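Take a look at the structures below.
There are two complexes below, and they share subunit A, which is joined by subunit B in the first and by subunit C in the second.
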Partner chain A sequence: MSVLLPILLSSAAACGLTVILAAALLVVEKLLVNRGTCVVDVNDGERKLEVTGGRSVLTTLTDEGIFIPSACGGRGTCSYCKLEMTAGAGPLSPTEMPLLTAEEIERGLRISCQVKVRNDLAVTIPAELLSVREYRGVVERIRDLTGDIKELRIRLVEPEAIDFTAGQYIQLRAPAYGDNPDPVYRAYSISSPPSARDGIELIVRLVPGGICTTWIFTMLTEGDEVVFNGPYGEFRLSEAGGPMIWIAGGSGMAPFWSMVRHMKQTGHARPCTYFFGAVRERDLFFTDELKALARELPWFSYVPALSGPAESNGWTGETGLITEVVDRHVREAGDLEAYLCGSPGMIAAAAAVLHAKGIGEQRMYYDKFE
Partner chain B sequence: MKPSPTEKRILDRMAPGVLCREGFLGTDARPLQEILDTDRSTLERLGCTHEQLAERLGRVCEAAMAACGAPVSVEGGRLMAEYREAMGQIPCPWADAARRPKGEVECTDPQTGRSLVYTPLAVHLIEAHGFYQGRGSRYRLEPADVAAVFRLDEQDE
Partner chain C sequence: MTPALAQAGPSTMPGAGLMLVLLSAALTDNILLTRFLGMCPFLSVSRQIKSAFGMGLAVLFVTTGTCVLNYWLYVYLLRPLAAYGVPAESLKLILFIIVIAAFVQLMEMLIERISITLYYSLGIFLPLITVNCAILGASLFMVNNVTSKGFGLWRVLTYGFGSGLGWFVAIMLMAGIRRRLKNARIPPALEGAGITLIITGIMAMAFVIFQGMIKI
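The block that comes next holds the complex of A and B.
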């Protein structure tokens, strides 16, 4: 016992010292991290936010009701939350470097989730983001459109209405679940027309191993409350009145499903041919509805096409890659506008076909899956 | 051994729920360096390199992506490949600015029935970092399987 006593005493002293040091560190951290009140100047004096320092610019802005697109929950991986910071952001951090190009660094862009508000700071926020809001809603309907695509209908609770332009998207919040410790946001185009202001519809394709889509496909049920923010994006119909072609595949249907119904409701008669590509017939959806619209609206035609091996169920429509189908159908560009929504590969291939027909880059509009 | 700060940052980004739901390490409890070293040794034994495997996987991936989801024959008609597209891009856990589409490719040898399922990011991980992902991970590629599908293990026979 006489041998053990000094050992026990020294262990107790070491533990006590550790506790004191830990407490001291917490106090110091509290003092250093909390930078007191700082002023965030938005758009050169347009708004001045008095905020508590110490948190990231992204979180600070979110708390002030300014929503910046961000998919990774502030972990510095998605780089969507880039903002121009003209003063007070401090030196570029190593976590930002890989996410910014030399040109972006030159322009003063920063990854807002990786920059802490440590003092007064000036930031430039695109005007359209200042009208973005957070919405709470309830899932009213979930239905399968194909084996790996679902449609969600979300009825708004607070605020009770949303204004958006056909073609825009929202960011849906997937809560922490399972091994995913933090909420994440993922972008989905709104597929409902803007006239239905009391809610939104989304078309979601399952991403293997995806955080948000796995939650939607396996956990989300009708009646659940959800949170999203938006609307975002500049993919919308131009004000030109000339003929258009739309090209999409898979969940790239969403913005066009919104646009065509919006055009019908508002009497916006503008010649439009919609090319939709799928691999197999079972991957097509809204076919009956779109064919019915094509019969009803003299300015609208719908061309679904299958690129997969022929099945023995009597498909008599177009076959081949959607780019080949477009190549066969579009004779000359004239004043044609093209709207494309889908994977970067599909968009690149379709753009090449359209360029070859003389459609300039200035008349092509993209909504890439990225 | 305790990971270095850089390795810790990479491991943090490989954890489930950070860049993707299941992460990159699966059930593999080995240190990252051991995973990398073991796969490199396997390749040395097979007489091929990360670059060779990545080049073949990348070529198949590009051909499959260009087919927009339709099955396409690759490697001179010996293999079939199909790309399943998905929205969004995923960054590299090494934080080296690489970002790749989230879809997946299935490459099948109809003669043997052997198939590889991998992502565009996996091609980058192999080429730039010699990383085939941890055992038990959804997109783990066994170097020997890749070499066998592309017949890289038969080159000197």
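The block that comes next holds the complex of A and C.
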């Protein structure tokens, strides 16, 4: 007892003091940090939000139903949540400095997860982000397209319809599971055409060790509820009407699978050659559908290409790296536009080939997988 | 002074008034220049007078506040507990740090509320005050003074304030010197922390001279 008593007393003193001080701090925080109601002016009076101050602009906007893309979850590392703040944002914080160029600072851009709402402030939010919102849906179908690529169809529950442009993407939320303590969001291009407004389709390739793709491949089943927000992205067909080429590999199929069906439905005839690269024949998917489309639509042609060793089962199509195939097919640049979707390595290699053919940077559009 | 204090040690400190405590804590026993405590923020935040001023004020405020809080903690909790065999001397280290951490949190909230510019210019050093050894040092020396010289609340308050003031004076002096150093030709190998430490050493020698003048 005589040994135990001092130990107990010491522990009690340390724990008691900690609890008392923590409680005191919580009380003070309530009094000090709560800044009452602030008004956030969006786009010069287009919307005026009455919000409770004290939290970051990003969180505040999210709670108000305005979704700003953010990959790092508000940790101030990805810089996706850049917004122009015209008034009330206060001085630039040291955590924002490394993420902004001098020119961006000049324009009044801020990292919205690092700026707290301390008073009334004015932000400029691009119009397409204002139409971004959160959707709840149910997984209607999961099917294998290849050994490591699945197609997901999500039927919308709340809200019941979505409007987007072919080529845009959404951010799917993977819930906390296993070693992953917080929900994470990952971007996937929508592969269904915009006319199917009651749901979306996604094409997902398994990334070994990836949090979201592992969840999709091992845990997600038909009938599960999922949450995503969107649509985002500038990857879309340009206003020009000239010929174009599409280059994709793997799950880079998604935006083009949406675009070609959208063009067919709307009667948007525009000369287009679609190059799709894979290693072996079993890595190809939607081949029959795309070949059928190519037969049906005079302006569309589909060129699948295999880079792996020629197999004995009679592959008669193109072989070689997708860059070599493009190199053989594209004769002169003219007013050709190029749309590329796939891994950064594939995009860089293909872009180099196209540059050499005289297609300028302003006529190339990218959707890179980070 | 309080009666308790008058009993505790009148003979050891003849004529030790509050002024004397203040001067000795701030000058002759300057916590930074004679004991080299709190060097990390001293070296990094003394580049600009404005942030040195803010940091100095923050340390001054925290040292004063935590000295008084820790005095109460020592007198009303640790000393009574010692009667039950609790190792007060070891435990005080943990408890003092907890008090300092909470106090710094409080101050961080206050500064963020009052001046956002100061908040950003202090940057990471504001939360780092928690582990500024000058502040823990002041609290620990304060306990020595309480036990050996019978300091009471007022003298503890003065001692804490004096220690913080000493640190404030030191960092302001250094910031002033470093502003002039910007145009000086310094050997490349000594730029930055090197020349700052050398200057600190020279300043320390100057302060050591005060030592014979006042003794509490």
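In the analysis below, the second predicted complex is superposed on the first by the 332 of 370 C-alpha atoms of A that agree within 3 Å, B and C clash if a C-alpha of one lies under 4 Å from a C-alpha of the other, contacts with A are read in each partner's own complex, and residues count from 1 in each chain.
Just so it is clear, a contact is a pair of C-beta atoms (placed from the backbone, for glycine too) under 8 Å apart; a residue touches a chain by one contact, two chains touch by 3 or more.
Just so it is clear, the model here is predicted, and its values are computed rather than measured.
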Is A:265 touching the first partner subunit B, the second partner subunit C, both, or neither of them?
-> neither
Determine, under the contact definition given at the top, whether A:93 touches first (subunit B), second (subunit C), both, or neither.
-> second
Comparing the two partners subunit B and subunit C, which touches a greater set of residues in subunit A | B
Which superposed partner A:209 touches (first subunit B, second subunit C, both, neither) = first
Partner chain(s) touched by A:309 [first = subunit B, second = subunit C, both, neither] = first
So, A:249: does it touch subunit B (first), subunit C (second), both, or neither?
-> first
Of subunit B, residues touching subunit A in the complex | 13, 15-23, 65-71, 83-89, 91, 95-97, 101-104, 138-139
Quick one: in the complex, what on subunit C touches subunit A?
-> 73, 77-78, 81, 84-87, 91, 94-95, 98-99, 102, 105-106, 109-110, 113, 116-117, 120, 123-124
Residues of subunit A defined as touching subunit B within the complex = 71-72, 75, 77-79, 95, 98-99, 176, 178-182, 186-188, 205-211, 213-214, 249-251, 277-279, 283, 307-309, 321-323, 342-346, 349, 369-370
In the complex with subunit C, residue positions of subunit A that touch it = 2, 5-6, 9-10, 13-14, 17-18, 21-22, 24-25, 28-29, 32-33, 90-94, 118
